[in-house]
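First chain written, first letter: the chains are A, B, C and D, and each begins at residue 1.
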Amino acid sequence: MTLDVAWAMRWMRCTAEAVAEAKTGLTELDRVIGDGDHGENLDRGFRAVTAKLDGLESPPAQVGDVLKLVATTLMSSVGGASGPLYGTAFLRAAKVTGLPELDAHGTVALLEAALEGITARGKAVVGEKTMVDAWQPAVDAAESVASGGGTAHDALVAAADAAAAGAAATVPLLATKGRASYLGERSQGHQDPGATSTALILAAAVRASEEE
Amino acid sequence: MKKLLNDPQDAVKETLEGFGAAHADLVTVHLDPAYVVRAGEPRAGKVGLVSGGGSGHEPLHAGFVGLGMLDAAVPGAVFTSPTPDQIAPAFEAADSGAGVLAIVKNYTGDVLNFETAVELAEIDDRQVATVVVNDDVAVEDSLYTAGRRGVAGTVAVEKIAGAAAERGDDLAAVTAVAQRVIDNVRTMGVALTACTVPHVGKPSFDLTDDEIEIGIGIHGEPGRHKVPMASADEITDQLVAPVVEDLGLASGEEVLLLVNGMGGTPSSELYVVYRRARALLSERGVVVARSLVGNYVTSLEMQGASVTVLRLDPELTELWDAPVHTAALRW
Amino acid sequence: MKKLLNDPQDAVKETLEGFGAAHADLVTVHLDPAYVVRAGEPRAGKVGLVSGGGSGHEPLHAGFVGLGMLDAAVPGAVFTSPTPDQIAPAFEAADSGAGVLAIVKNYTGDVLNFETAVELAEIDDRQVATVVVNDDVAVEDSLYTAGRRGVAGTVAVEKIAGAAAERGDDLAAVTAVAQRVIDNVRTMGVALTACTVPHVGKPSFDLTDDEIEIGIGIHGEPGRHKVPMASADEITDQLVAPVVEDLGLASGEEVLLLVNGMGGTPSSELYVVYRRARALLSERGVVVARSLVGNYVTSLEMQGASVTVLRLDPELTELWDAPVHTAALRW
Amino acid sequence: MTLDVAWAMRWMRCTAEAVAEAKTGLTELDRVIGDGDHGENLDRGFRAVTAKLDGLESPPAQVGDVLKLVATTLMSSVGGASGPLYGTAFLRAAKVTGLPELDAHGTVALLEAALEGITARGKAVVGEKTMVDAWQPAVDAAESVASGGGTAHDALVAAADAAAAGAAATVPLLATKGRASYLGERSQGHQDPGATSTALILAAAVRASEEE
């Protein structure tokens, strides 16, 4: 149940599995309001991450080391908008997780840093129908659990649930950032692919913490 | 989906291999990471020109690598921006010491990935300027969108900036002329059919047999609106009007008229569109001084076309006319 | 059927109008009867080169009118041979007194109409020689057919004979070199989809989603046989093998390799085919000394490609390399 | 009932009507074993013929004058294989019909000359699945009626019937001339477009002789 280096590595493997499974679905979401490559992009990226993890001689010392490896791998293999966004998210997260293990506040710090990375690069705010609409409620939920004395695991669960709800809540939104924005009102009525994959990544973090 | 491909995952790589073999006199193709550079060493003192973007728009960009145009091109996966680790070595290969101009089409993915690559280049003390091409008038309200997209006008930017670099302009001057082209070029496109990304296997959007998509992008993303199928003249009217209006063209001005095919439309139809577009411009007293008709910025096998108008001035015309020797553009 | 056309009956005329306006520096377009000639007067003493055939194969033939290639092109209705009353004035326009070579693709209609036009020319004491291009190895048993068809190899015949005429060869010599190209060029094509003749409005043959037509012609006529859809490499194998066999290529020989698109196939796929074709030739020790990849002899918006191999000798290579300045081929 | 200049002109107008009506059917036949333009080709040609006839100030003096005008018009407007073939057919027919009116033997001569023109140009013989397979039985039938003392009209009727039968009989044939020959055995089982249009032209000749 501890969010340590082994957890971080499991998180990424769980994510890779989940993305592979959801690939067609993510791509279909992106086909409708984007260009139909989001599932393929992330699958390519997380397969590369898995390969990198497989290639490690020994596990790194700190959670941040894992996240940094994830960041650089995603940046160099995903492409598209989501590549630099997720890449920067994990890079910023790595910077605040130079620890062998995370407590509840460390977990919040990770999520917060990730969100900051995404908004620094992408300049989106809540309500623009992007992955920010999943990350922001996730950060908020984790924060309130942590400040209420919850465990790191509790914080993660709350984040994942909030991200899922946030992703679902993108359906009625009008996109004003990213490729979907070109559709104007036709972007309404469809769930954002990036918000959906964010929910998927955070759900994988929870699973990884439970499998141990 | 029927395509002349092997494993869809290998499509970009195998295209590059074929391209490199067919044009070994012009380019050197690198595969891991993937980028295409002019054959030979970069000419000392010449500003390097690098562009890139998702694959599936061939001949853009690799087909424009060569004398008088690009020094390097960086192809991403199909319709997906390339990654910084591809872009950075392309910058390096293009840099003879006089700096590099990156020509980026305005898509969030392209902008973010090039931005990251520029940050990497700066760490290496490499001087990289960036221009962002956004000629697509289909995106009306750029306050509420990611901004106008870069589409077929990119060819004019690459050609003219390439000529400026070739004649010895410095980085600031090449950047300025590229920006002048961007400021004066506008495009509007139409799709009669969608296209199919190889690894997706189904059309990128849905169109019935009697509708067309006006204001189409070049990444398989849907356009501004669907309208009923119409005659070539009626469709061309819908493409030319917003372009002319946005440019604010006045009688007596000279322009370059580019009718670009989306990949699956025969050139005979492109000339029918050209004929009408030229007539509409002439009606307004606009002089079509230069023309280009063909497949230059495509969307795989999509059927459709775009109309691009570039307002010319004597210097832009001279740079357009300057020699170019690439796989896809040569004079 | 969705096409960027107005009244289908006007398609050829409007394409010619657009083409003439876009390339006024290169060609003059006549509409009634329809033929396209080089801008300016024919050069005294130069043999005139005239080709023609059904429309729908653009850029063939009008796209090849210009310095180093054709003097005139005669477009018929879509997929229908032009008529003698069009061909005769094209002969006249191309004739500077040194005689005319007619380059005819081997289809009954083309042969008969050119034959009639030649008879008319003879009445006017005009000297017209004829070569018949028949590079299509898909037609196996020419004893029981109208003979092999003329397809993409025509580009090589027109380019090389054009260079010979340009350097001042007389009619007999130009004819001989054209015939030498014909004797050494072979092509095999594949269609992934059929095409739709504008005024017919439905596909010219039927293909299901999982079959392709091997040995396709360029007039919407079905090919040698349908086979199941396969990978690009497997399909290319089926195109290259009969070509190499028919030419009887030996290790060490040099060839021109032309991968031609049928009109609706993106150039990325053509390079995948080129990659494999080149590898197959290399395996046999055949040296690909020259290459051309693109849409040159098309079938409207058909998806598919053909592979053409021309056995080179030093003279043919030199003539291939000679300058050419036309709308569709230029170096 | 006399086959005079008026008849010849009516013949061509009847043909134009019949071709316009059969255009899609002819094209469909050609789509299957050719390139799908035969109906369009002939329709273009006979519309041009009609326009030429409409433009005449006064009727020509001889049947052959009408046929010569038809010949040159078809040659310059049809294109394809059928243009020069029908053009030559009418040109040769014109040469033997320099008369104000045709009797039975004159009718046979017309048909014979037409067939000779087609074989001179196209080099096809009976059985190669071309228009010759309609013309040859038509000539034979007209000849036997005429030598048996039948009228010009009888000869025409016999020719038209034989042409129709000949066209129908092309169905099982293997094409060895023209575009259909590229199909090899796949050409079998389909009726030849050119033989079909020949039957149509001769049927129009009969109708024209009956309308008067």
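Criterion: contacts are C-beta pairs under 8 Å (C-beta built on N, C-alpha and C of every residue); 3 or more make two chains touch, one makes a residue touch a chain.
Chain by chain, the UniProt names read as follows: A, D = Dihydroxyacetone kinase DhaL subunit; B, C = phosphoenolpyruvate--glycerone phosphotransferase.
All values derive from a computational prediction rather than experimental measurement.
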| item | value |
| --- | --- |
| Inter-chain centre distance, chain A versus chain B - centres from mean C-alpha coordinates, in Å | 32 |
| Chain A and chain D, separation of their C-alpha mean positions in angstrom | 76 |
| Mean-CA-position distance for chain D and chain B (Å) | 55 |
| Whole-Å gap between the CA centroids of chain B and chain C | 29 |
| Residues of chain C engaged with two or more neighbouring chains | none |
| Junction residues of chain D, two or more chains touched | none |
| Topology of the chain contact graph, where touching chains are joined (line, ring, star, complete, other) | line |
| Which pairs of chains touch, using the document's own definition | A-B, B-C, C-D |
| Sites on chain B touched by chain A in the complex | 33, 54, 76-86, 107-109, 112-113, 115-116, 138-139, 141, 144-146, 149, 197, 199-200, 202, 204-205, 217, 219-224 |
| Chain D to chain C touching residues, read off their complex | 27, 31-32, 34-37, 40-41, 44, 75-85, 87-88, 121-122, 174, 176-179, 181-184, 186 |
| List of chain B residues in touch with chain C within their complex | 2-7, 11-12, 14-19, 21-23, 55-56, 58-59, 63, 192-193, 209, 212, 229, 231-233, 235, 263-275, 278, 288, 291, 293, 295, 298, 300-301, 303-305, 330-331 |
